[in-house]
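The same chain A turns up in both complexes below, where it pairs with chain B and then with chain C.
And now, the complex of A and B:
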């Protein structure tokens, strides 16, 4: 006797739709509500941003104001202010190149090939150095441009990069000090970390920008920009130190004991056994911390820096473009979104990639 | 001497003394220099300034404030404002986050997509940018003359005007308490496992108590009502200005709205994580016991998910509480803005920074303490969390 096994007929497209979205009355209701909301938002947004929008600057602000939709000509007219701030007009290519160097540096450090201590330090050192030379000039025939003229996206990126560059080593130091066997050292460090973590970032930035000059001798004060970066790095390192410490706690105690039994010195144990494994454990949370601190660079607008948010305020704040604030904020939000979203997608990808080894 | 340095104990003691000592010396040196610099400007250190009048005014206060009030009163106003803004923001963010988080965990693909889009967009834009955006949007609303009207509320560039009942303050507060009791008491009754029931079925008692509490609220409102005025005071245009109703200033609504939307996207992720942490076995067991989907949700999934999310939620709340300091960006007189203004006006830099730190430490610690209590009270005993 022959048994014929027949596969059940493949569901038609309509049945598939019904199964996925309209299986029960509740599902149908949910689907319909979601669909209505989506359709409404997408249609309104498209209409505002594309169909009824003005893209050219030919009509000037007046033509734009009359239109029902978005006025993208404000971006066409003011994008240089938003991206480069008050940087001298003829030199703005340098600002653009500096931004590119920072982006390239970030992309390179996302590649596993660069994940050794030396290589990552090299990439970040070179990237930041290139940025600094390009922005400041004074060498190689580039005219000098002081820090007070830096602005826009370029300044935002600079604050972010230097915050990480100073904050990351500091975080590792703080984490090591906090897990020290000597009670006074670990307790004092814990007090510093918890104290900084309990304060809002704005109050730390304010203290470093406005109050610190009172408390430092003249020769130590430095530029306001670098003081604020130091404050922001301190804040970053307090949070990052806890992440690194969490990563260290995930390393089995046997690893360090084995290293000790082999007669490795403290620095060998830390540098070759503990930190590589701890950093691996801490990587997803670290990426998340980078994402958060990139968003938080926008807070320096409060202590009076001309970063991208302030330059956006200036771009629509003057005279004829006063009505076009939504477009300017949408543009800045889009820039932030591109950076932050790609970084957080990368973090999610890393998390998945590492989970493979754990199975 | 050298042999002494070789001794591990001595070296450890020296190392610790060096570390703590150098930190203390740095802080001390900074304070000394600051005191000298301030003294040169004619500012003496000490806390006497707390009792001097400020000479400036605040634009938003829940407590009575004039320029003659002393500095300590202004600090109190700042803390109350921060707590008020923070609590409003937290409650709104929790509501938004719960809805979006439920959408993200729902079995419906479209709802999931909608929730995910929301989270992706609002989580990836800095909070301060959102604050600026909403503030600009509100201050660009039409003038009171051409105000948008909806449900008796007026939307104008001067803020949001909402109707308020014409009822005395005490009576209003008591009526609110009665309404809360009308909701809370039946819920509590429902959760009490065994009830001696001389009065009849549980549902009857629940309904009766709710109706009783609501009746109390109605009586309170009727008694406390101001004479010769309609029950609700609607905002209306009078001349060039708006009269009546309660004005919610643009600064407050922009901040509370931005915190609700931004915080909501973070809380949505926490809610989703909480539901994901509930073991599949628990739900299958509940379903196989024949519970209805609704009861599986309210009696198995939700209580377990709540326990999983509470510690993370507490961290998020502390973060959002600190985010109220963005008030200074749009001119809302929260605690930090009062601190910054006091430094500008009185010059008592060190003392005021100390007050700032103490204030935030107190807020954070008390929030953490509250959540630890809740956490401990609802923690599962034994090993019920096994998947």
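And now, the complex of A and C:
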């Protein structure tokens, strides 16, 4: 005799919902209450942000204040300050183009097709070069604009990208030095990493911006902006070095031995065998570090730079838009969200891509 | 085999000493391996077998005595070591394939970046050796997609792609299931029949009997006994050897 095993019928979506949320009268009651609360919140938010909101600048601040909802007019009236800070009004198209060049550079260097030494160097050289020329001017008929006038999103992006470009290679160097066979090298590096990590970022930025000029000769000082970027890159690299080192420890010792047995040199072993595997191990923590660094750029306001958050403060801080700070912060939060969320999604893509050949 | 290299033994070891801290891992080892000779080294765990062959390709540095490989003495001269490293291939207990590269890339990387061979030539060589270890169809897979036996055969092919003069095997079958041991040993037997100089640390006594010119028994960092396989298995005089043999052959 043949025994036929019939699987129990899979519950439909509706039955599943019923079973999970409406099984008993009490559960039904709780579910209904929660649903009502959620609906209320969503409705209130939508009403504030869309239905009762004012979008045009025609009525000025007064029309806004009279309205019950959000006052998006402040963004329409002040978006230039938020995005470009104190950059001269007529030249702000340069700042916009500079933003685009940094974003394009970042997107390109995220694409595997550009992961060869020459291409990535070209992309980075062109991207930062273009940014610098556009922002600073003084050549090609562009009026000169000093670093102290740079601001807004353009400045935030520039500080973030250069921090990573300088900090990441530095982090790899520090991680390699820390695993050196020579104790005096590994201990000194460890001391530097731990030293930098024990200091708050603000104090490092302050030191590089304000204290360093007293210690360095004039010709070595550079602009305050670049000193601040160096400080933040140093801070970034101290954390990232430990992340990279953790990734390296996850690579079995047999990998380097096999590479040695095949006659590979130190740099070939590091570049072809150790680092690719270490970076794969370190990827989630690395993305985390990038996200943190992006948001920490807002700390440069402490040494007088108007990055996007500080520019936002300035946007509503003057006179007639003083009441509309919630809208300004919502807008800035949205911008942060777009960048950080893309970064996280990119990290997830990389993880999927690297999962090929996972043990 | 290669006329550009000086004649004489493939490996010549004299009074070799190696310490790990206070632990004396190798004591005054003397061993000479001729070109084309097949040596099997066996002994209880911790007897120094692996350390000995790891000294031959400089994965470990000896601290006493002399090692000469293909007529070149191993010392702190870096160029010297690199040159010798390319002539000595090694197969590990845990395969140590590079997990982030395909099987083919595993076999091509060293010839391309160390020997500076053109990629096309390296690929032809790699495919030829993958054919030889009987897994040409796995070339585009990643190591994690293969069985243990297949991985170890890739590891052998990877070492052979450097076209070494000497092959070292460090317990190549000790982590494999029985049916996979056979496929790896088959490849090693073929290699032996083609005249490769081989030094194998292994407990596969059937392999030793079939292939080895000499079997070496080590215990506590010393070479206790050294004999052709027949004599080694039937008439060894040493008490420690007999005890070890009864343990590995007993069941």
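Simple rule for what comes next: the second predicted complex is superposed on the first by the 315 of 359 C-alpha atoms of A that agree within 3 Å, B and C clash if a C-alpha of one lies under 4 Å from a C-alpha of the other, contacts with A are read in each partner's own complex, and residues count from 1 in each chain.
The rule is short, and it goes like this: contacts are C-beta pairs under 8 Å (C-beta built on N, C-alpha and C of every residue); 3 or more make two chains touch, one makes a residue touch a chain.
Values in this document were obtained by computation on a predicted structure and should not be read as measured data.
After overlaying the two complexes on the shared chain, residue contacts for A:185 are found with chain B alone; chain C is out of touch. With both structures placed on the common chain, the touch criterion links A:265 to chain C but leaves chain B unconnected. Of the two partner chains, chain B is the only one touched by A:296; chain C is not. By the touch criterion defined above, A:255 reaches chain C but does not reach chain B.
With both complexes superposed, B is the one of chain B and chain C in contact with more chain A residues. When both complexes are overlaid on chain A, the residue A:276 reaches chain C alone and has no touch with chain B. Of the two partner chains placed by superposition, A:89 touches none, neither chain B nor chain C.
By the touch criterion defined above, A:219 reaches neither chain B nor chain C. In the superposition on chain A, A:326 makes contact with chain B only, while chain C stays out of contact range. Residues of chain A that lie in the contact sets of both chain B and chain C are absent, per the superposition on chain A.
Here chain B touches chain A in the complex through residues 12, 15-17, 19-20, 23, 30-31, 33-34, 37-38, 103, 106-111, 113-114, 120-121, 123-129, 132-133, 136-137, 140, 322-323, 325-326, 328-329, 336, 339-340, 343, 349, 353, 356-357, 360-361, 364-365, going by the rule given at the top. The touching residues of chain A, counted against chain B in their complex, run 20-21, 27, 30-31, 33-35, 37-38, 177, 182-185, 188, 192, 195, 198-203, 206-207, 210-211, 214-217, 295-296, 298-299, 301-302, 309, 313, 323, 325-326, 329, 332-333, 336-337, 340-341, 344. Residues 57-59, 82, 85-86, 88-90, 92, 94, 96-102, 109-110, 113-115, 142-145, 155, 158-159, 162 of chain C are the ones that touch chain A when the two sit in their complex.
Note for the complex: chain A touches chain C at residues 252, 254-255, 257-265, 268, 272-273, 276-277, 280, 354, 356-359.
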